[in-house]
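Common to both upcoming complexes is subunit A, partnered first by subunit B, then by subunit C.
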Partner chain A sequence: MKKPRVGIFGFTGCAGDQLMILNLEDELLDLVGALDIKSFTMASSLVEDDEYDVAFVEGSITTPKQKEKLEQIRNKSKLLVAIGDCAAWGGVQASCNGIVSVSKKMVEVYGSRNVWEIYESKPLSAYVKVDFVLPGCPIEKEEFLRAATSLLHGDIPEAVDYPVCVECKLRENGCVLLEGRLCLGPITPGGCKARCPSLGVDCIGCRGVIDGESRIKSAIEVFKEAGFEKDYVKKRLRMFAANYPEILEVK
Partner chain B sequence: MAKADLPKLFRTLAKYGPVVAPVRVGENVVFREVTSLEEVELEYTRSLTPPKKLFLGPQEEILKFDGEKYEEVFEDGKAVLFGVHACDINGLLKLDEIYLDSPQDEYYARRRENVMIVGMSCVPDERCFCTSTGSSYAYGGFDLFLHDIGREYVVRVRTERGYEFTKDGYFKRMEEKDFLAFKKAEEKKVRSIKRKVDLAGIGDLIDVTPKSLWEELTAKCLACGSCNLVCPTCQCYDVLDVLELDIRSGSRIRRWDSCMLKRHALVAGGGNFRPTVVERTANRLSCKVGGEIRCVGCGRCTVYCPAKIDLVEMLERIRVGA
Partner chain C sequence: MRVEIDPLARVEGEGGIEVEMEGNQVRDVKFNIFEGPRFFESFIKGMWYDKVPDVMRRICAICTCSHSMASIKAMEDALGVRVSKQTELLRDLLIHGEMIESHALHVYALALPDFLGFPSVIHMAKKYPKEVKGALQLKKAGNLVHNILTGREVHGMNERIGGFSTIPSENELEEIRKAMEMTREFAILAVKLFSSFELPDAARSENTFIALNPGKRFGYYGKEHVASDGGRWDVHDYRKHIKEKTVKHSRAKHSSYKGKPFMVGALARLALFGNKLEGEAKRLYQKHKEKLDLQNSISNNLAQAIELVHSVDRCIQDVDELLSRGIDKRDFAEVKPRAGSGTASVEAPRGVLIHSYRLDGKGRVVWADVITPTAMNAANVDKDFRVAAPRLVNTKELERTLEMIARAYDPCISCSTHLVVVRRI
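Let's look at the complex of A and B:
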């Protein structure tokens, strides 16, 4: 069997997801053996001008140049997988989208609005077709490995389309939301084995939302009844998923 | 038997196999393996997840494969499930109707065979409604059942296997006063369960409930699945194969599923015959009380719903139709 050609690319983000892949110490060698890794902007500086069976792309898109590069990657790749919250939802850097304008941010950070052209931080899907999303800030390395294995087998990986609550209950945790913390578990896709509630703290939603499934309006109502301030709820919702239409429009 | 002799019984039971019993963890009670009676929460209301987890694990490997052959994985050693309440024993009997019906589920059946069950009287709270579902008393489904009558336990023996554990000298024959105390304790328990729900014909009412009422009843529902995952009678599971990097070997996992989740009714091509919480909730309620009563009134789905959606309140509104 010919090894699948894989490209790994990064845009605006902390490169934490690529780091998670390198953190797969035990499996990394097998992984490198099974895949023909053509471009890995973190592990080596090599960027081959090639075609890819799968492109794993990290980071959000914030400049015209990135948009162009992303389009090139899309054209060269059979499958494009967004990895991490920035690529999936625009990341923490999108949390003020629609509230603070890009030019205001420019002035605040660089003193002038004309340093260079930037966009509001957007997920990859704002510009190109994304075939699969591995969410998380950062991604779960086991999930990456499972996805890579499925792709090797020729399957689209299993998407987590159920909330953190499911894993929270499978782990026999009580409910921190019922105990008075604003837990975003009910609207956040699982896959992290309910890491935070299992430690007794609330889920901050680092895996974004479940597209078309998360019950944002109901969650806002539940949080309101639990006594949380509107502004606080809005900030919490925006932290990792501000670009999700139902969250973007929360007043 | 005298309560003071419980440690003796515990020690003999432990000879049969590892003992799994209710243990307090923070605000909740969960079933865990214990090595001494001191760890056990003898007086509790309800465990977070039901003891069904011993027979149908939340997530478990059922077979391994290597590309050529497969091997089933059975975790079916002997064990003692200690301190189970009547509602949960009745819940297991309801699961039996499905898992032991032919063709029986071998994983479940073997464990059911090998795990001994010791029931224990309960401490109901305001969210229990087991008298409305006919599950406040366990007629069968256990080896031994300990009823707290004050300083002593009345022990009901249901199986030969259970009987073997009652041969030690500290078991006394019941006298009339014990019968009376037992009757009194049971009556007191039943009286303390104030929550009632009328389930007669509720299945038909569920069917004719208008969408507008369903929308109101489910407005806060987060489609989180918790209600199913804590239910002692939820029987659905999902099966998935997890491959190793060699893409030949791997294992088959089964885990609890929930009809409140998107994937439960997702079919090939992306269609979903229960797209929203409205259809999913109608399905859940129909499954529990629509035909045969499959709810044992334990109250877990209400207690652990992050949106505080109350099953009994929903059923009452469905009866009223508004």
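Let's look at the complex of A and C:
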């Protein structure tokens, strides 16, 4: 069998999802042995411009050059997979989208509004068709391995459609929300085995929001009843999924 | 004529090198950083204190804990939080674990292929199985510290303002010690490898170093910056000494000290505080001191290798001290929001990192400033390029050597893209 051709690319972000792939210390050598890795600039200076059976793309799109490169990758790839929150939702750098303009941010950080042409941080799906999303900040290693195995056979895996709360209950954790901390578990897709609540930390929603079924409005009601300030709720919701239309609208 | 190296591979992020030549004369050399900026210091404004470290650690994946610790310590400075001795020991263990994870990745996977003539560590696996396996095991040992203390390898959540949400068990600490003991030989092997290479010396030129004074023992926390010309200042006064400016070719602002570029990182730490090393790291440092050419920035790789040995041994010491004290499972300092400002500096794997915040009465950020080591080093990389390029202008080595110089700094480009507010309120 011919080895599947794979490209791994990074745009605006912290490279943490590519790092999670490199963090597969026990599986890495077998994994790269089973694949024909055509491009992975974070790890290798050998770059082959080629067609890909699967392209894994990390990062959000914020420059014209990135948009152009993403379109090229899309044209050369059978399947394009968004890995991580930046590629899936726009990342933490999108948390002020619709509130603070790019030119204002540029003035605040670099001292001038016209240093470069920069777009508001958007997910890959704002520009190209995305076949599958591996959410998380960062992605889960095991989830990546499982999804990669399906994808390399040409199958699209099933996305998680239940909230973090389901996994939290399975681990028999006490409810962080009932303990008086704002937990985004009810609106965040599972798949992380409720890592944060299991350590006594509230979920910050790094896997985005469960798509297609609106839970945002009822979650906001619950948070309000629990006594959290409106501004705190808004800031928390915007951390990882500010581009989600219902969250973008929260006043 | 123009020589462009784009993208610069085996660095964490999007960068490139541009050399402009007129005939045989080098007109300009630039280290370009063109990854999309993220504007952390702008969008963090308005964020409530409790989640600021969770956002700011996402500046970088490889040194996520350096960012979270700088952010947490700056917040504790602003909120007047005092943590326990146990928390301090766990934090010391954490930053030494991060140093192992990051240096193992850089020294073995990103830099070593240059010296052995391979495009990547993966391509090296056939001919150098021991080195590649050792690199992965060492990185895994560092990641184990992240996993146990923060909840995962990248962007954990367990280390908080005030302490650790869940205190690790004795068994988990024993597990860390075992992993360190098992991989120690690969830290020593890194020193052996990097002390045996002849380094390209085209960039040899004067370096000024800045590092954080670690106190009595070599380490990565402190309250005072020290410069190799004798300058020293409390970290709260960093803005008086470290100046920044925006340059068009780089999203990392360029830093200067007394109007000149400077270097931070492992080489700077050893140059200034190598005499505080202990045990095997001290022995190796003294043995290879001659080889550690302070005027050749590429020596940074050997300095990182020596720090690997120090960090592995220190993790074992920290575990032993924690265990002999006995673990207090209910140890968390009280944290209450208040208006104020706070600054903290830590030694990230790549060098001095500074976080500074001003908070309103509810503990929301009204102003933030972050200076990362890659931003501090950016002007020094340009300096090295300006020295090296004319010396190499008619050789085949030009591109490869410039790449090696840039890579020796271990540039973490994702870190460097958002840095530093110009407008000072």
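We take it that the second predicted complex is superposed on the first by the 249 of 251 C-alpha atoms of A that agree within 3 Å, B and C clash if a C-alpha of one lies under 4 Å from a C-alpha of the other, contacts with A are read in each partner's own complex, and residues count from 1 in each chain.
Here, a contact is a pair of C-beta atoms (placed from the backbone, for glycine too) under 8 Å apart; a residue touches a chain by one contact, two chains touch by 3 or more.
What you see is a predicted model, and the numbers here were worked out from it, not measured in a lab.
Undergrad: After the match on subunit A, would you call subunit B and subunit C a fit or a clash?
TA: By the criteria stated at the top, subunit C and subunit B fit after superposition, with no clash.
Undergrad: Quick one: classify A:Arg236 as touching subunit B (first), subunit C (second), both or neither.
TA: Only subunit C; A:Arg236 stays clear of subunit B.
Undergrad: Go through the superposed model and pick first if A:Arg146 touches only subunit B, second if only subunit C, both, or neither.
TA: Only subunit B is touched by A:Arg146; subunit C is not.
Undergrad: Quick one: subunit B or subunit C, who's touching more of subunit A?
TA: C
Undergrad: Figure out whether A:Ser121 sits in contact with subunit B (first) or subunit C (second), or with both, or with neither.
TA: Only subunit C is touched by A:Ser121; subunit B is not.
Undergrad: Kindly classify A:Ile156 by the partners it touches after superposition: subunit B alone (first), subunit C alone (second), both, or neither?
TA: Once the two structures are laid over each other on A, A:Ile156 reaches no partner at all.
Undergrad: In the overlay, answer first, second, both or neither for which of subunit B and subunit C A:Pro186 touches.
TA: Touch status of A:Pro186: first partner only.
Undergrad: Touch check for A:Val222: first (subunit B), second (subunit C), both, or neither?
TA: Only subunit B is touched by A:Val222; subunit C is not.
Undergrad: Could you say whether A:Cys165 touches subunit B, subunit C, both of them, or neither, answering first, second, both or neither?
TA: A:Cys165: touches subunit B, not subunit C.
Undergrad: Least CA distance subunit B-subunit C after superposition, rounded to whole Å?
TA: Once the two complexes are overlaid, subunit B and subunit C approach no closer than 13 Å between C-alpha atoms.
Undergrad: Need the overlap of the two footprints on subunit A, from subunit B and from subunit C, as residue ranges.
TA: Correct list for subunit A: 200.
Undergrad: What part of subunit A is in contact with subunit C in the complex they form?
TA: It is residues 10-17, 19-20, 22-23, 25-26, 28-29, 32, 37, 40-47, 59-63, 65-66, 91-93, 95-96, 100, 102, 104-112, 115-116, 118, 121, 137-138, 195-196, 199-201, 204, 206, 231-232, 235-236, 239 of subunit A that touch subunit C.
Undergrad: Provide the residue numbers of subunit A that touch subunit B in the complex, in ascending order.
TA: So the residues of subunit A touching subunit B come out as 27, 30-31, 34, 145-146, 148-150, 152-153, 158, 161-163, 165-166, 168-175, 177-179, 183, 185-187, 200, 210, 213, 215, 218-219, 221-222, 225.
Undergrad: Where on subunit C is subunit A touching in the complex?
TA: Checking each residue of subunit C against subunit A gives 7, 9-14, 34-43, 46-48, 51, 54-55, 58-62, 64, 105, 109, 113, 119-123, 125, 132, 136-137, 139-140, 143, 151-155, 157-158, 160, 165-166, 246, 248, 251, 253, 403, 414-415, 417-423.
Undergrad: Flag every residue of subunit B that touches subunit A in the complex, lowest number first.
TA: 26-28, 30, 48-49, 58-59, 219-226, 229-230, 240, 242-245, 247, 255-256, 258, 261-263, 277, 304, 306-308
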